[in-house]
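Below you'll find a set of structures to go through.
Consider the two complexes below, in which subunit A is the common component and subunit B and subunit C are the respective partners.
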Partner chain A sequence: MDGRLMSDFTFCTGQYDSGDWDSAPTLPANLIDSVARYTSIAVAPSGAIVPLSSGVVLEYPLVYLTGHLPFRFSEAERRNVRKLVERGGMLFIDDHNHDIGGVFHKTAMEEIARTFSQPKDLPNDHEIYRCFFKFGDGPPATSHELNGWGDNLVHKNLQAVMQGDRIGVLYSSKDYSSEWNYSPDSKRFSTVDNTRFGVNIIVYALTR
Partner chain B sequence: MLSRAEMRVRVEQVLRGIVIAAIAVMLWQSLHQQTDSGDQFVSARGVGGGALAEWSAFAKAPGKIHLQLVSVPSTIDRAWLGALAGAGSSVTWAGDLAPVMIDAQPIASPAGGTKVIVAAPSGSSVVMSDDVGVLDTVHVQNGGAALTLNSVADHVTARAKGSVALTSPRDSIVLNKILVIGDAGWESKFVVAALEEEGWKVDAFIRVAPGVEVSQGSAAIDTSRYSAVVAIDGAAVPYANRILEFARTGGGVVLGAQAAALDAMAPLRAGAAARATSDARAIQAGGSVTLATLALSAITSLRSDAVPVEKRAGAVAIAARRIAAGRALQIGYEDTWRWRMGGAEGAVRDHRLWWTALVSSVASARQAPREMAAASIDEAPMIGLVAAVGPSASARAVSNLSGRPSDWMAWLFVLLALALIGEVTSRRLRGAS
Partner chain C sequence: MTALERVRGSQRLLGAAAVTQALAWGVATTLAIVAVMSFLALAIPRLRDDSTLTEIVALVFGIAVAGALLWRSRHLTSTSRVALWIEERIPELHYSLVTAVEQGESPFKDSQTGSPFGQGLENAVAGQDVGRVTLTALRRGVLAAVAGLVVAALLLYVSPSSAFGRAGTRPRFSPFGTASGVPAASRLEDIQVQITPPAYAGGRTTTLDDPSSVAALTGSSVAIRGKGSATGLTASGSTRISEAGGRWTISLLMPAKPAALTLRDRTFERIIVLDPRADAPPKIALASSLRDTTLRTPRLVVHLNAIVSDDIGLDAGHFEYLITTGSGEIFKARTITTPVVQFNGSRSASMSATLDIASLKLGEGDLVSMRAIAQDGNTLSGPGVATSDTRTIRIARADEYDSLAIDAAAPQPIDSSATSQRMLILMTEQLVREQPKLLREELVKRATEIGELEERIRRRVHEILTENPEEIVAEQPGDSAATIEQMEAPEEITGAKNPDLVAAYNALWQAVRSLRIAEPAPALPPMRIALAALDRARLANRLYLRGAPPKIIVDLKRVRLTGKEKGNSNTRTPRSFADSTRVRLSARFNAALDLIEKQPARAMTELALMRVEALPSLPDFAAALGQATDAIRAGRDATLPLLRARRALDGPPVVTPGLPQWTGG
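Entry: the complex of A and B
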């Protein structure tokens, strides 16, 4: 395969105009490290940052979005993300505030409902919790939840907008953006790698 | 040396001989016609109006029948003409009729449909119809044309220049599942999605990690389970021998560009896979993605039993070959998912139809014969006409060939009269009685 064109998976962070889209800058490298560590998926060594208003975002069928501030799509952004999901791509949106009373959560939920439909709770036996690593209780809790920060809740479910029988938009209030936002080198200090669920999200997006 | 008077007597004797011979021939012809009506010549424009029954009611069939046709006679009329020819009549025909042939085969696709193939002279226009009405007009090039119909009534007809060919799809088909084998990646995902959206039942072996597959389906790859296998990339290598055996026993195989480049797939591929000509991402930056802008690993060094199916700028993009009872298709296009995601409006549909057409072209499908009335089928009317009474003869050739009795009898009478007048005049002028 040497010298041949490879369609490596590239982790994509979506850049939107309204807020702090880059609030978890080391998360992509951490998830890329995990994908390379645990799977045989051909993964690009560095991620991509792509404006949602650009058609280039359609080159990346999995797009990660996060932030703390009000979250609004421009018309071009809305058109592109809608096209991305309708054509088989997936958005993963995580509330970096871990606060269902916060502005990111409120505005993001409004935008998702306006662009797609109202997200619904994803059952904790959904395929995304067992497509690679097994998570019998649904989405793994984050240290921010357990420490009582943000909304002081441990969210039992993720939310999703389904496209047929697959997830088109995955929404998390659990603040994985804080949980996974560290240097991959620091994993050696952990007994259990907390990014494993991130691997599941990527495997699910690549296979369903 | 004869004198002038002797020469004149000799000429008179010759003229007298011509007169006697002509009278003898005319007498013989007259007697022959009275005893044998089979030498009658019949010329007709078509076989309508009870003409066939009339000719068949003669004590003996007409000796010669020439038809000037504006349309090919029906199956029954052709058989009737063949019977007249078999009974001893010389049946000829002429007419500007197009030789049209039609065939209809079910498409191996969950969406169903029928592929109608027409053969007709190049440049002609053929009107296609079914029981409901006109479907389309196809313009024939290189002797043939094809039409894909999503649904079709019991009969399909092709009509051109007096010929009406009629057929009916003979079989329905029973499709099995499609197996897609690939690494976890966008190409595998979107090939599965495209096929499922088109209605195929798809099993997938998607390799996620060494020894870990997201599998759905049976490890036994045989034609009782699968109609076709799509091998995307290196994940298919462990299955190479089973895929080859599957093809040999009648299964269809589609080899993606990355899979085709692997040595393990050599027995299946149609040719060598060259390096990709361009990076699809670089192309895409300039506009929306199409099949023409995808990176291409051209198929080179085609095997002797392989045929190019599609070319791009002179390079073979898709090639096919038979493998014993099965078929294999090798694709040179890389990362076709980029077309689906980054193409213009309709790209999802185009990508889906493209993939389903590839799979359909190789998929094995059991054929289940449909009940049909064979008598109503007339797939090649012109061939039927030629088989019954022979090829067309031009009117001039027919005229020369048949030699109508009245024509040459008239000329014989003129000859007789001239010879008689010459002989009598000569004798009178020299004073003989």
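Entry: the complex of A and C
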């Protein structure tokens, strides 16, 4: 039979030339664990790390990017991520610095605006907050925000670049990369699993 | 002339009159409908496109009217009905004609004597002018029919319809007066287009003769001029048409996106495709330095050189240095820019700078990101800004002088579902204490159970050592344990990087063997050795190489659907199909080709509109369409450009090597 078979969802961490793309190494396993725990989505047991400059990145419906350092695409990276979003893929970029005055935020916003368009506040009643778990107040706050780290702000909204009527690029200043960067086995110590919003992001990227 | 001959003469006259009236009213109906529809088309442009339908409808109605009138006159075929019709108009005949028709001959005779019977009646008929009376009776109806035909023809003549082979005469009767500058032919032919590029581009004004499309830089001034007055001319959108020196003129700015300018002169229409050429942003590349680097000490003089080019003209450029300091979760950044270099509108240039790293007073772990930035001279929609790829210089930390950047890694996830080694030791110690009191069967049963649990830990350690994820998934609680023969021998563990785990594995192997032969006491020493080794491994510092984070395998079968919280996947919004311009244009292209013979004007309009849509995404197809419309307008054969358009739309033909496989029909 010609053509490719549908494969299990593989969580993809995007590797970009500038900055520390690998600053949250256990986050993928944690979200994979959550997807398996709460949903019936067929998911691969380990994540993939794919250079954004490679066309292979187009095979993944959701690409996660994070870091603390300057965030700049090379021309090849910019071309591929633009193509990914145009073809229906989704980028999830999280500021590991949780600081809107930080270098990651400034450079990432500049790159997003240059590659796509200026991100806008995502309404807190957007479908991504209710496509699996319900988050009535919008994006869940992280312990880093509540503890006054970084810019000492609780960010009320995520930002997004829309591709038609769906999210093409989701940008977060909330530092989910720190919040979710722990071993999945440690979830049993939490009263409420704080990775549930990660499940929403994945469900949204796969089904909307 | 006998009475019967007179009746037949009147019958012929009546028949001819009936046919004449039917034809006249039928034709008049057809003409009137065409005229009325052409007036309505002024208000409803869609009717103009369906002129063939209008003609068919008018013809059907005309035939229907004529047919109905002929049907109403069907009694004229009966001679007795005609005789009665005459008798009705000349009562003095006293049914002489009817009697003659009933007898079937004239002059009629007595059937018994053979003598002329109705000579008196014949004389009475001869005394009346039946022909004149018939003509008089018919005149009104025929004249009315002819009058109706003339009125309908006049209505059609003054209508905007082109039924008379030229434009209608409506403008002559319009409130704008006699419209002396309005020629009978279209004023949309032989136009001239003058293009003046925006001032910042510094280009020359060019003139195009009778083009079907206008390609120019976005923001260019476009002046379209044609012969005749502007009266009655319209253009799409809010485009104004002015008049000077007996010529009409349209002035507009080239839009940012392709557009179709539709011009209308009475029933004539022309579409001009506006094909904007965007001012591309500059291109910039760092010629030096070529790669990132890490310095042990912050002492280096970096020579930066960038090559810049632009399609119109460059304005200025500079280098930017972004210095990031900090570590962990706290970083600070500052930006330094070099003095701006002016390019004065040149299309290509280079710029250079020298950066003394020592002057930046960098510390360990600091990062310098360098890039070049340039902008063009677009003052209309710009400026277009370009940035080069970024080069980074990093100052190494003192503790990473082994040349590799290493950071502490998170501990490997531990399978918490396995009973801990410490618990197994406690269970074994209890079994050893109770051993004297137990029957052999009970001892074997309990030792085997502990052995199976120990075996799970042994296999887990084996999996970590050999990094074989498949076995993690394969093994589940309740699976039959491996037999002693199936257990991997300790010497099979080769190339393992963690000596503590190897020691633990070897000890576990011995412990499992003892427990499976129901000898718990000898199993205890290796179990304790394994526990100590596992603790050492657990507490060890873990390091990983930057760029190669640990690969963590999630035990999906164990985790699957164990979450206590419930999510609800709400009704999914169906994702709309990606809008494929190519597929949509392909369907429209086929429809336009079907129209070329039947409705060439409409086909031309459709091809021009398709070209506008194709310009941004399918430039080859748009170019071929432009050639096709030019050829059709000039009366040339458009087959080749249409074929090129088809090829551009569908791609090259698919070549199948050999004959296709027979599929049984």
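FYI, the second predicted complex is superposed on the first by the 202 of 208 C-alpha atoms of A that agree within 3 Å, B and C clash if a C-alpha of one lies under 4 Å from a C-alpha of the other, contacts with A are read in each partner's own complex, and residues count from 1 in each chain.
FYI, a residue touches a chain if its C-beta (ideal position, glycine included) is under 8 Å from a C-beta of that chain, and two chains touch if they have at least 3 such contacts.
Please read all numbers here as calculations on a predicted model, not as lab measurements.
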Task: Room on subunit A for both subunit B and subunit C (clash or fit) - done: clash
Task: Touching partner for A:82 - first (subunit B), second (subunit C), both, neither - done: neither
TODO: Kindly classify A:178 by the partners it touches after superposition: subunit B alone (first), subunit C alone (second), both, or neither?
DONE: second
Open item on the list: Quick check for you: in the superposed arrangement, does A:131 touch first (subunit B), second (subunit C), both or neither?
Closed with: both
Open item on the list: For A:39, using the defined touch cut-off, is the partner it touches subunit B, subunit C, both, or neither? Pick first, second, both or neither.
Closed with: both
- [ ] Applying the touch criterion given at the start, work out whether A:56 contacts subunit B, subunit C, both or neither, answering first, second, both or neither.
- [x] first
TODO: Report the partner of subunit A that touches more of its residues: subunit B or subunit C.
DONE: C
- [ ] Identify the partner contact of A:26: answer first if only subunit B is touched, second if only subunit C is, both if each is, neither if none is.
- [x] second
- [ ] Mind working out whether A:207 is in touch with subunit B, subunit C, both or neither, as first, second, both or neither?
- [x] both
Task: Superposition clash, subunit B versus subunit C, among 9-17, 99-107 or 189-197 - done: 189-197
Task: Shared subunit A surface residues [contacts with subunit B and with subunit C] - done: 38-40, 87-88, 131-132, 203, 207-208
Open item on the list: Show me the residue ranges of subunit C that touch subunit A in the complex, using the header's touch definition.
Closed with: 322, 324, 329, 331-333, 367, 369, 371, 387, 389-390, 392, 409-411, 413-414, 416, 469, 473, 544, 546-547, 549-556, 559-563, 565-570, 572-573, 575-576, 578
Task: subunit A - residues contacting subunit B, complex - done: 1, 3-5, 7, 9, 38-42, 55-56, 58-59, 61, 84, 86-89, 131-132, 203, 206-208
TODO: Would you mind writing out the residues of subunit B in touch with subunit A in their complex?
DONE: 183-190, 193, 204, 206-210, 212, 214, 234, 258, 261, 275-276, 279-281, 284-285, 288, 295, 297, 334-335, 337-338, 340-342, 347-348
TODO: Provide the residue numbers of subunit A that touch subunit C in the complex, in ascending order.
DONE: 15, 17-18, 20, 22, 25-26, 28-29, 32-34, 36-40, 43, 45-47, 49, 68-70, 72, 74-75, 87-88, 96-97, 99, 102-104, 106-107, 114, 127, 130-134, 149-150, 164-166, 178, 181-185, 188, 192-193, 196, 199, 203, 207-208
